[in-house]
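Below you will find the structure I want to go over with you.
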Amino acid sequence: MTPLLRVRELKVGFGRKADANPVVKGVSFDLEAGQTLAIVGESGSGKSVTALSINRLVDFGGGKIVGGSMAFARPDGSVLDIASADESALTGIRGREIGMIFQEPMTSLNPVHTVGAQIEEAFRLNRGLGGAAAQAAAREALERVRIPDAAERLRYYPHQLSGGMRQRVMIAMALAGNPRLLIADEPTTALDVTVQAQIMALLAELKAELDMAMIFITHDMGLVAGIADQIMVMQQGEVVERGPTDAVLDSPQHAYTKHLLEAVPHFRGGAAVRTDRPAEGVRKPVVAVDGLTVRFPIGGGFLARKSGAIHAVEGVTFDLIAGETLAIVGESGSGKSTTARAILGLVAATRGAIQTAPGRSGRPVQMVFQDPFASLNPRLTVESLMAEPAIAAGQRVDARLRERMVFLLERVGLSAEALERYPHQFSGGQRQRLCIARALMLNPDVVVLDEAVSALDVSVQARVLDLLIDLQSEFGLAYLFISHDMAVVERIAHRVAVMYAGEVVEIGAASAVLSQPHHAYTRRLIAAVPEMERRRQRYDVDTTPVPSLIKPKGFEPQPAAWIEVGADHRARVEE
Amino acid sequence: MPYLARRLLTFPLILIGVSLLVFFSIRMIPGDAITAMLGTESGLLTPVQRQALAEYFGIDQPVLVQYGRWLSGVMQGDLGLSVTHGRPVLTIILERFPLTLELALLSMVIALGIGVPAGVLAATQSERPSDVTVRIIAMLGQSTPGFVVGLVIIYVLSVYFGFVPTMGSFVPIWVDPLANLAQLIFPAITLGFAFAASVTRISRASMLDVLSDDYVRTARAKGVPKLSVVWHHALPNALIPVVTLSGVEFGYLLGGAVIVEQIFALPGLGRLTLEAIGQRDYALVQGCVLFIAFNFLIVNLLVDLAYAALDPRIRLGAR
Amino acid sequence: MNKKISRTALAGMAAALLASASLALPAQAANLRLAWAQDATGLDPHAQTAFSSLRLLELIYEPLVRHDSALDVVPAVAESWEFSDDGQTLTFKIDPNAKFSDGAQVTSEDVKASFERLLDEATGAAARSNFLSIASIDAPDPATVVFNLSQPDAPLLVAMASINAAVVPAKAVTEGTVATTALGSGPFVLDSWEPNSREQLSVNAHWAGGDIAYDGITISVLPDETAILASLRAGQTDFALINDPLVATLVPNEPNLQLNAVPGLAYNVLQLNPSRAPMDKLQVRQAISCAVDRQDVLDTALVGEGKVTGPLTMPAYASDPSTLFCYEQDIEKAKALMAEAGVDGFSVKVIAATGEPPVASAEAQVLQSQLAEIGIKLEIELMELNVYVDRWLAGDFDMAVAQNGGRADPYPMYNRYFTKAGNLVKVSNFTDDEIDSLLQQGRVETDIAKRKEIFAQFEARLTELAPWVWLSTSNTYTAQLKTLSGFEPSATGTLFSLTKVTLGQ
Amino acid sequence: MRILKAIVAHPTGRIGAAIIAIYLLLAVCGYFGFTPHDPLQQFRVDRLKPPSSSYLMGTDLFGRDTASRLMAGIGQSFIIAFASVGLATLLGTIIGLLAGWWGGLLDGVFMRSMDMLLAFPAILLALLIIAIVGPGTATSVVAIAAVYTPIFARVVRGPVLTLKRRDFVDAARTFGSSQGYILSRHMLLNLVAPLTVQVTLALAWALLTEAGLSFLGLGTQPPAPSLGLMMSEARNLMQQAPWLLAFPGLTIMLGILGFNLFGDALRDILDPRSQGRSS
């Protein structure tokens, strides 16, 4: 039997000299009908380019197939070599036989057309439906991807839907043509973990229902475990390992696969928490947050009145103990970053107290931001960047200061030469190391790490986490570690606070919170985290909406009630 | 729509600022209505005669008193009386406005009609010969002074075709549409030439950006044919900068195209204003500037509304 | 071949457009289509002084007398006139056929009211200064009007030939509608006026001057003179006023067009300011006069259109320029005069108005280049007309390039500048006993031959003292389709002879 | 240096840079008098001569050498264009920066004043300034600058609003950096790219505006040559001496073309997206 897709020695390059320096350097694989192939790799591995080559969308990004073949079995039994097919043949195949969904649901839908119009177009093009039939089909498609009030939502524009909803619309659209192959390019990476679980569940369900083959691109081994039949691991444009899921996960052959499986944090349900917690006796809070509330007025400005407020953070209370890591976990919109920014004074607290113990320097609290590309001014040299905190503190840029820069740079794994260079000359991981070194310039007591490793590739993530743990003990730092990633939190946190819709719903020792979650949201959150051990597992499709943070003018929430779950573990009482 | 209301609220503020600026600066220019009317002969006037004329022209009072009087008139919709035309300022402006408006609209139609397709073509053929050709023509168009285009058009028309557009007075479209078109099409081409060039350049740039957006890739992934990708999916998203540019240009054109009006002898707002300055017809200058500024604000508002029409994120508010 | 076809096609298209355009104007066959670049600035015949206003008002109003094309005084509203022997009474007989366009008879009361309005300071008529010798006006009967003068005033009659002395209905004076409603006894009636756009005139059926061969005049204001030329060339304008000699010289190249050029009375002049050093020195002023090559200025800046002139531009009084002081460029003499004055080159600013006259900037540039030869450095300041007028009237300049209006008589032309009591002495900043007395003599002398002698002396002395450097007259131009006939250009620039024009086909 | 290299490598930017370089060279030659003839000298016997070996681009009404005047005129026009755009950039940047950074009432007042200037008809604004102060090079500069200042204020304010939300600005605030430090090092430095592009495009427009002002008799004062003035002097000689219009016209067009090509290339090079692509 011929496979659905047989790729041989695929080579793809970009630009004028596409042949000379291909990004994909000879990839081969077979995909049987109804099977799922996961392509795993980090950025630069060529996995996305491979995916975009299969329906030749790579052509529109300046890419060019420079070698190899892609034999695709058509429903009528003929075989088409996609690598050499012309554009009109490809237009006929796209959508109809090969569907695709992308990483960024926020930008992948056309903002000026309604969701309904976009799905209807897919039905019109690929099924020949028109008018009312297309509309009915679009409604059905939305229902099939579990969008409530489908008829109503057809009239919505993309921006009126949440990220998860949009990704469902994308799926509905991709499936409109009943394709026999679905390419999913990191479809959940940009989504919150609970939403990710829903999308994964949906994909698994639909795949089974439609007997469709799937190519699933991801960087997350944990996610792969749940869905793939076959795994192909890519590194720098080449396939380093390929085989059935269980074989690859349980007995990886290639060093890189092993590295991905071992070095990268995987969530283990509280079993991997740190055990180096400082002695119980000296639990002195360096930052005490009491009843922190941050609200952003809506409207307002020149000649305008305020109509209400976004209650971004509502009555948050916690202590950060010297030398400890407190992780704040939550999904987007939970208020975790706003909390961090309020502690740094970047946003004004509407009410509540933030007390900082006097520290080793004038500014005992420093911060490292999520995006190492955005948090370093691209127009300044590393030396200027590193000098800034000292200049702000009134120090002079002299040999002693430069000595400290070199010391810190070397401590975070960079060389002294770095001082002369500009941020764009560094990789993402190196830049984050720079940010960390800069945060340490003034010898702080507390470092707030706002999603500090989230933007990094998984293997880099692991190394930065290790560095952070080393620095913590060396410099006696307390970390306020903001993250959405349970696996990372499990690695670094001594204590965990879970935030949901602007409020802390559960807080306590990391081991307790992660292994015995009490609050319903915490449990839902933990259940959604993919685990290596949960292979081909069905996730539940759960569509609980997040409560709106927008409150009318003058709104005040009920005071919270707490329940003590354990010694250092308490949760909010649910209504 | 509170946003609209808020925008409208800033209008009087800006207009009062504009009126103050024009009211006092026009009076700072040497010469007054008397020298403008009599030229060097005004030197023959006796003081009594001069006073009589100053009274006649309404420039005998202190400037602040004049402004107060004028402003209170404006509040009641009275822009004053033009001393050179002997008629209400608003009447004169409203007589001249249809020409200016039509000329601006016609130029914009030409500019958009040529510029958008040319820009889209260039973007889809990026870096190919057709793109390079379009870009070079556009740059030449942008760099040719309007008066050169106008003078050449008139010269060619009169020498080779024995024809010039009706000059001096305006043939309104409701009187004779054909003659109206014959009169305005050439000035409109003169204005539309550079305008079309700008539109081409901006449509091309914007289209290039949009064509690399994710949703265009999505459209292709679902098998949308090339033409539909460009016109249905990409173009509506690429129009915002085009609207911005057209709005600014249109706003300027509504203020009158002085040079083109001069060359083609069209009685438009631009020349009216220029001549009013030349004749030191203060009330008329003030009226014109206020009217032009008001138009500009309205056009800006329309541009914002056009954004909303084009982009549902603006229309319905981003989440 | 291909080119030819497309050109024919385009021509066809243009013809179609043209046809549709001409449809827009109703019954234009009997209309004279006139174009000019500058429009009238107002309708009050007594108060308006701009050339453009006068050209329009001359078609609507009539004074008592007017100039013919030879600048002789001929009847208009008045059929005859007579000075008393002592020269202190001037009596007019009014043409019995003279009627205003509303059909009302022109009477002596109308004349009296008109002049009283002109003399009333509240009217703000600048021309009043020419009529100050009028002590009182009598209207003994409807057809007779008598002006009683406080002193003999020979040039008065010439002054009365100006449209500023137009006869308006007495009713309009009392009702105060002169400035707003044009109601005169001239050949045409103003039907509509859109300032700076167009005027529509129709023939005044009551006009006493005879029949006019067409029904009316449509005047279009085309601010750019190249557009006027294009419009003439395309046959869309019958008749046009042209100011810019650069444009005028193109007219004869067009097979269907005719240029009418006549030297005007106005004169181009470089005004020096003798109140400012070193122009206070006679030798310096004379040096400047000697250093200027007037023919060169004329040939370059005016492309040869016009002629070199002394102060007097009216043929009856003008001297042969070659007899005047230093009218041939003489650099050596100029340098010698400079040395004599002890001045070794200097810098001055010369003011000029933008586009008024069109050649002002060019004249300034040629003068700049010529005066550089004797070490005088001119810095040109071009400014908007009204700004210029403001500076000019205040006498606030070192030098000024000007085009000053001329009269058919020397006295009203120069008394304002060079008599001690002249209103514009602060502009000339120059008085001279002999000049003053010559002007006064010329004013009261009624004998033509004697007057010519007096003014020849005046002209010689003035050029020798060189407060100003007179350069040239400009031509007054009109351009017309060759199918038009009967127009006689006049040095005053009046378009009155349009009344004799036939349109032809 | 890096940018210069990138422009030389840019297919069309190279042409633009070459044009500008040639113009600058011509302008410098014009300024220091290395011209075929004195641009002001009137060879009045050789009036309105067509191009020949002695007068490469013919002569004008006064017998002045067009080629020499063009060389001097490029300098004059460029000085006006650079100075006016420079002034507009300076003022516009300060206003846009402060309005965007402080926001609130100041923003409202600043930007509404800019709206006021924008709403004021541009040519009229120039006209009023010139009529009040009198024409001349400095006045032209001020007048053109007044027209472009609000545009620059808007161009700057947009990026400032984005920049002030950027992480590196927040980072600077967590260090307690002063406002002056943040404005100069974090804001201004990052505004250089959008401003450079806008400046080159505005230069082209300023050249056109100068030509327009001269057409209306309000620009450079004779006999000093500027490209616009030369064209406006030539317009009534279009038939007798077409070279008088053609050469300055082509010079302006080519110059503007140069600025446009250069500006577009700069935009390509400085565009953060293209930067992302190349790194």
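First chain written, first letter: the chains are A, B, C and D, and each begins at residue 1.
By definition in this document, a contact is a pair of C-beta atoms (placed from the backbone, for glycine too) under 8 Å apart; a residue touches a chain by one contact, two chains touch by 3 or more.
Owing to the predicted nature of the structure, the values given are computational and were not obtained by experimental measurement.
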Q) Which chains contact both chain B and chain C? A) D
Q | Most distant chain from chain C, judged by the mean position of its C-alpha atoms | A | A
Q | Distance between chain centroids, defined by C-alpha means - chain B, chain D (Å) | A | 22
Q: Mind checking the centre-to-centre distance between chain A and chain B? Centres are C-alpha means, answer in whole Å.
A: 49
Q.
Rounded to a whole Å, what is the gap between the Cα centroids of chain A and chain C?
A. 86
Q: Quick one: report the Å distance separating chain C from chain D, using the average Cα coordinate of each chain.
A: 43
Q.
Can you list every residue of chain B that touches 2 or more other chains, as numbers and ranges?
A. 10, 29-30, 151, 155
Q.
Counting only residues that touch at least two other chains, what does the list for chain D look like?
A. 131, 235, 238-239
Q | chain A residues counted as touching two or more neighbouring chains | A | 302-303
Q. Which two-chain combinations touch?
A. A-B, A-D, B-C, B-D, C-D
Q: Provide the residue numbers of chain B that touch chain C in the complex, in ascending order.
A: 29-32, 34-46, 48-50, 52-53, 56, 84-86, 95, 151, 154-155, 157-171, 175-176, 178-179, 182-183, 262-265, 267, 271-272, 275, 278-280
Q.
If we count contacts the way the header does, which residues on chain C are in touch with chain D in the complex?
A. 225-226, 244, 246-247, 249-250, 253, 296, 299-301, 303, 354-355, 361-362, 364-366, 368-369, 380-384, 387
Q.
Applying the document's contact rule, which stretches of chain D touch chain C when the two form their complex?
A. 40-42, 44, 47, 61-63, 131, 134-135, 217-218, 221-223, 235-240
Q | Complex contact set, residues of chain D against chain A | A | 104-105, 107-108, 166-168, 170-178, 181, 185-186, 189-190, 192, 275, 279
Q.
So in the complex, the part of chain B that touches chain D is made up of which residues?
A. 10, 13-14, 17-18, 21-22, 25-26, 28-30, 135, 139-140, 142-148, 151, 155, 252, 255-256, 258-259, 270, 273-274, 277, 289, 292-294, 296-297, 300
